[in-house]
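Each of the next two complexes has chain A plus one other chain: chain B in the first, chain C in the second.
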Partner chain A sequence: MNFLLKRMKKIEPLFEKGGRFEKLHSVYDGFATFLFVPDKVTTRGAHIRDHMDMKRTMTVVILALMPALLFGSYNIGLQHTRAFGIVDWTLIQMFWFGFLKLLPLIIVSYMVGLGIEFVAAQIRGHEINEGYLVTGMLIPLIMPIDVPLWMLAVSVAFAVIIGKEIFGGTGMNILNPALTARAFLFFSYPGWMTGDKVWIEGLMSGGGLDGFSGETPLALAKMDGFDQMPSAMEMFIGTIPGSAGETSTAAILIGAFILLLTGVGSWRIMLSMTLGALGMGLLLNATGGNEYTQMPAYYHLIMGGFAFGTVFMATDPVSAAQTNTGKYIYGALAGILVVIIRVFNPAYPEGTMLAILLMNVFAPLIDHYVVNANIRRRLKRVQRA
Partner chain B sequence: MSTLIRLRKGLNIRLAGKAEKILLPEVAVTRFGVRFADFPGLVARLEVQEGSPVKAGSVLFHDKAFPEIKFVSPVSGVVREIVRGDKRILLEVVIDQEGTEKVDFGAADPLRLTREEVRSRLLSSGMWPVLRQRPYHIVARPDSVPKAIFISAFDTAPLAPDLDFVMANTHGNYLQTGINVLSRLTDGKIHVSHDAEGSRVAGLNNLQNAEFHRFTGPHPAGNVGVQIHHIDPVAKGEVVWTVDIQDVVALGRLFTTGFYDRERIIALAGSGVIHRKYHRIKPGASVSAILKANFQEGKQRVISGNVLTGKRITPDGSLGFYDNMLTVVPEGDTSEFFGWATPGLNKFSYWRTFLSKLLPGKEYDLNTNLHGGRRAFVVTGHYENVLPMDIYPVHLLKAIMAGDIELMENLGIYEVAEEDFALCEFIDPSKTEIQEIIRSGINMMIKEMN
Partner chain C sequence: MENVEKEPLFSAKYKKLITNPLGLDNPITVQVLGICSALAVTVKMKPAIVMAISVTVVVALSNMIIAFMRKAIPGRIRIIVQLVVIAALVIIVDQFLKAFAFDVSKQLSVFVGLIITNCIIMGRLEAFAMSNDPWPSFLDGIGNGAGYGLILIIVSFFREFLGSGSIMGYPVMEKLGLYNFGYEDNGFMILPPMALITVGLIIWVQRSRNKSLQETK
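For the complex of A and B:
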């Protein structure tokens, strides 16, 4: 690798101030630090530093997303065969079909998002932030598979510029950027984001078996279609219509395991959000009412985007509550809100996205009260003394 | 037996290169230096010029705001050089050691002196700067009377010297006399903190006029600031003092013999040196003698103090005023191919993303590489895990960055020193210079309060 390092060092001056490619410095720096952890040593403060950096943090999250991505690819193929009455595809064929459908979304998401990040880093004179590596992977996993690529590109640009960069970039944003992208599409092009056709590849452009209906379990629940509801096991494994990443609770749990084992994801948020949704579901069970409120409470955990949102979205450390106490409150409220929006809102079958975005907005307020309690403890000490 | 305070938060960095418990005799040193950067928050006014003859105990410079705070020469000799930096700021007064002349400040029993007499002896002998105060972790203001004085009798920093071993090789009577000196300076208690087992040294165990505490837990349990927080925290308007335990001995020596002599025992540690032992040395002494022909191969960094909070010095630089160890670690100025993606079996980390977490007890060789680039704060909930205080570290740091004095006050700036945040800086994946931010916040407070 010495050869490569020497080559990189040799062209480095071209990208420095005054060099021919000065304007591409952030791009060079991004690639150079990706290939090699730089030779920079500590100059101030602690002389030794942990090996952990932002690249590794983000890599862990991407790794945790892989099971959901792989299963999602397979499920895209599986749902397609069901909708079109194909019976002779093997598992590999289904996976490959889905993967090729998902790949353009991933490529567009990264190209647009990283492109903006490079420009922003160049303007600010900062190094490239790794935050988008995760966001860029999350976005394709929460989009309908047939979403037009230009729509995806617009929503990514909106999320990165309006949702993140104008606040100062990764670490400064208030809303989760991936959910911002989804919310943007949701409200701008609802026809591509809801209904019984968007969640299965090929249905939007016509085709599919006569009378085939591709509703998600959440939509079925909303329309009292409980007789057509897939079994709990199917919903847990994820062989149901939905966006690529969200359907398989099992695959998401593997990701959750990775995040918790490495300590990168917050167990406080995952736990409290799950308990919040479960508690709200049980409360509805107890109060009775219609068939939806009587649905087993644990269904809420395996339906729709709850699991994906809980593990990968609500735990985004930047947009979540930052204090440990705050995380319990934030998670629990998000879980409760998911169920409330799902069951009582007449318009939207899914509540996870809006619940998390709403709690993103309230997270600073929650932290404010938690920190104020700390301040009061400190003041009380003076009065006692 | 004293009560045991259990701390769970913190981190022991398992660094290779501990010093063997062998004490080497003092080696002859001819170059001494008093570094002004060891005293943050003060402004120096020189009293000597290049070529001035000095005795051990002669004044070199004093503080501008409190001229009675004097800094004296550790040895007799001649001022060889006055090193200045940008804007002619004083960096160091360098002395060539010659002869053995000492200023005699007179012996006295501190218990028979009034507070004012003890105070003026400490000020005139140049021993005052060993007293440091919280808030701000600076040299104690002479016009203050502390509500208590704190002494940590153990050090948990990476590769830190075993202070029990140090005290076992120190004159026991001086320690008691030193405690007596301190007892004249406060109406409150003198708190001495040990690790869980307490001290094996009789002189330390039977001290009069002191109250004992025991702490158990990882670093920074040995930091005096953490101990204060759990014993008797500093609120707004209150002042406590802290003294290094070896300086308590120096105080005792001053009142027993009448001479300024801060000779102490330090550990020479770190994977950058071959022979790692304990040395007798005076603060300010050039370290070249004990480092001579002792470096491992490759580029090494010499640090006066520990790897988390120490100051980088040249191989012939002088030992810092307050430091009790000298650390040498390899420089890390090499690039690592896909370094961020390796499994990390050989990489020590706080984080569980490295396989090294599966090897408890293993010791690691860490160099000075930053291991990443500067980012905004992203991860949350981890800085708290290495700060055993009821303080929200990131909120305090952000208050400092925003220059919000009132919020800094509310969030605990009076209780902290940069050393307490060193582990936050160590684990930070965003590579923020956290200790520097804390010091800038403290400087803001000092300015605001004057």
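For the complex of A and C:
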């Protein structure tokens, strides 16, 4: 490490003002701070510095994503063997198969996204932001495994440029960039995002057992195929068709535990969103309507992308509500919306993505009223005194 | 009427009436008027072009007619008078399209009738025709119609090219054989939000190239 530090220090003047690579200063800065803790010392006044800067925060989220990623890899292999009637694969084989399928998605996502981030940082003369580290990992985990790589690249470019950079880059975006990428793909190429073939590797290009159906539990529920739905335990463990990261509620819960333990994720949003969905589900159980409403309410929590969205998407510190009261409102409404879209919208079997994006849009409004209410409350107190 | 200076028909001042709305005073990208129809009719290029011509005709003629009558119109009922003129012209355009371009007329459906409510037309009548002579008013109408049409055609070009893989109905992508390589048309381009985003991108490019359009902080 010492050797590396010396090398970095040696080439630093090249990137300072007046140096040969002055224009690439943010690239240098990005790599230097990625490798080492910045050695900047404040010269005047007292400043409190926390080692829990953005890089560390992002690293924790990446760590929390690992269980879902690892299980997702295994599940891709498992679903593939089921669809193609392969019986003699070992666990390692399934995992390796899935991991190799997932790897290109991750590489493309990072290459396109980070490329745009680097260029944008050079144009603005800003430091390179770490914001994309997490987004770049989230995107492959919420995509169908068979999605063509160029489509993934287009949707990542759209999400980073339209969803983030034009608003001013990391920290300024209204919408969650990962969900923006997914929404773009969903509306642009619906053939690759919905249906009973996209969620299992290899089915889109033909093949698979005759009569094999790869619907997700959500799609089955939508078509009143309740009797064919996997058991609650299976959905909780995650051995069901779906995008890589979202199927296993158990693996996501491990990630949630890491996020909560380190204080990176907001427990208020996770709790209120879960309660919102559960409450809405129970309400529908009580009122009835169509057959779908009679499905046990807790199924909503373990089906589809709800768990993944709640833990990793809705808690995005940028696009979620900022005030504590606002977080409860934001989370609860998101949870309620998920169930409403799932049950009542005939077009979309899944509602998590749209519910969270919609609440992203409303988050500033919620904050505005929470802050104003607080100001009014305190004004009243002053006037009374 | 003695000191009226005869200006040439296409003096520099008059030329500006046409060129300004094409660029720095564009009705869509700068004044942000007429957005609704820009979203609705830009899925394909053909209807967009027909719509652009229709609006240009209506703006130019209604501008001219109102400029002729402007001194006779009582101020309090001027909006109604303007609407009557616009409505009459729109009906003529609508009937004309139905007679000579029925297919396009069907695609444009209600939006030809809705030219009446296009903010650009009322805006030009109020802002320009009510206080200028017929000839400059006519030129102003042509300019604003063309500025509106220009954006419509740019937006519809991208939406048709990326959304349907064709230009003016000619299947470019298919002829290039891109579908064989796994290319697919972008369904999102056909939906209205993408028109809004495309208009936004045009505004972005225009503003970043023209300092005069950027607000000073």
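As a working rule, the second predicted complex is superposed on the first by the 374 of 385 C-alpha atoms of A that agree within 3 Å, B and C clash if a C-alpha of one lies under 4 Å from a C-alpha of the other, contacts with A are read in each partner's own complex, and residues count from 1 in each chain.
To be clear about the criterion, a residue touches a chain if its C-beta (ideal position, glycine included) is under 8 Å from a C-beta of that chain, and two chains touch if they have at least 3 such contacts.
Here the structure is a predicted model, which is why all the values come from computation and not from measurement.
In the superposed model, A:K17 makes contact with neither chain B nor chain C.
In the superposition on chain A, A:K6 makes contact with neither chain B nor chain C. With both structures placed on the common chain, the touch criterion links A:P190 to chain C but leaves chain B unconnected. Comparing which residues of chain A touch chain B with which touch chain C, the overlap is empty. Listing the residues of chain B that touch chain A in their complex gives 13, 15, 158, 233, 235-238, 301, 303, 307-310, 312, 327, 329, 331-341, 344, 347-354, 366-382, 384, 390-392, 394-395, 410-412, 418, 422, 425-431, 433-436.
By the touch rule above, chain A contacts chain C in their complex via residues 148, 150-151, 154, 162, 166, 184, 187-192. If you check the complex, the residues on chain C that touch chain A are 182-184, 186-189, 191, 197, 204.
Looking at the complex, you find that chain A touches chain B at residues 1, 4-5, 33, 35-42, 44-57, 59-60, 126-127, 129-131, 168-172, 261-264, 266, 268, 317-318, 320, 322-324, 327, 367, 371, 374-375, 377-379, 381-382, 385.
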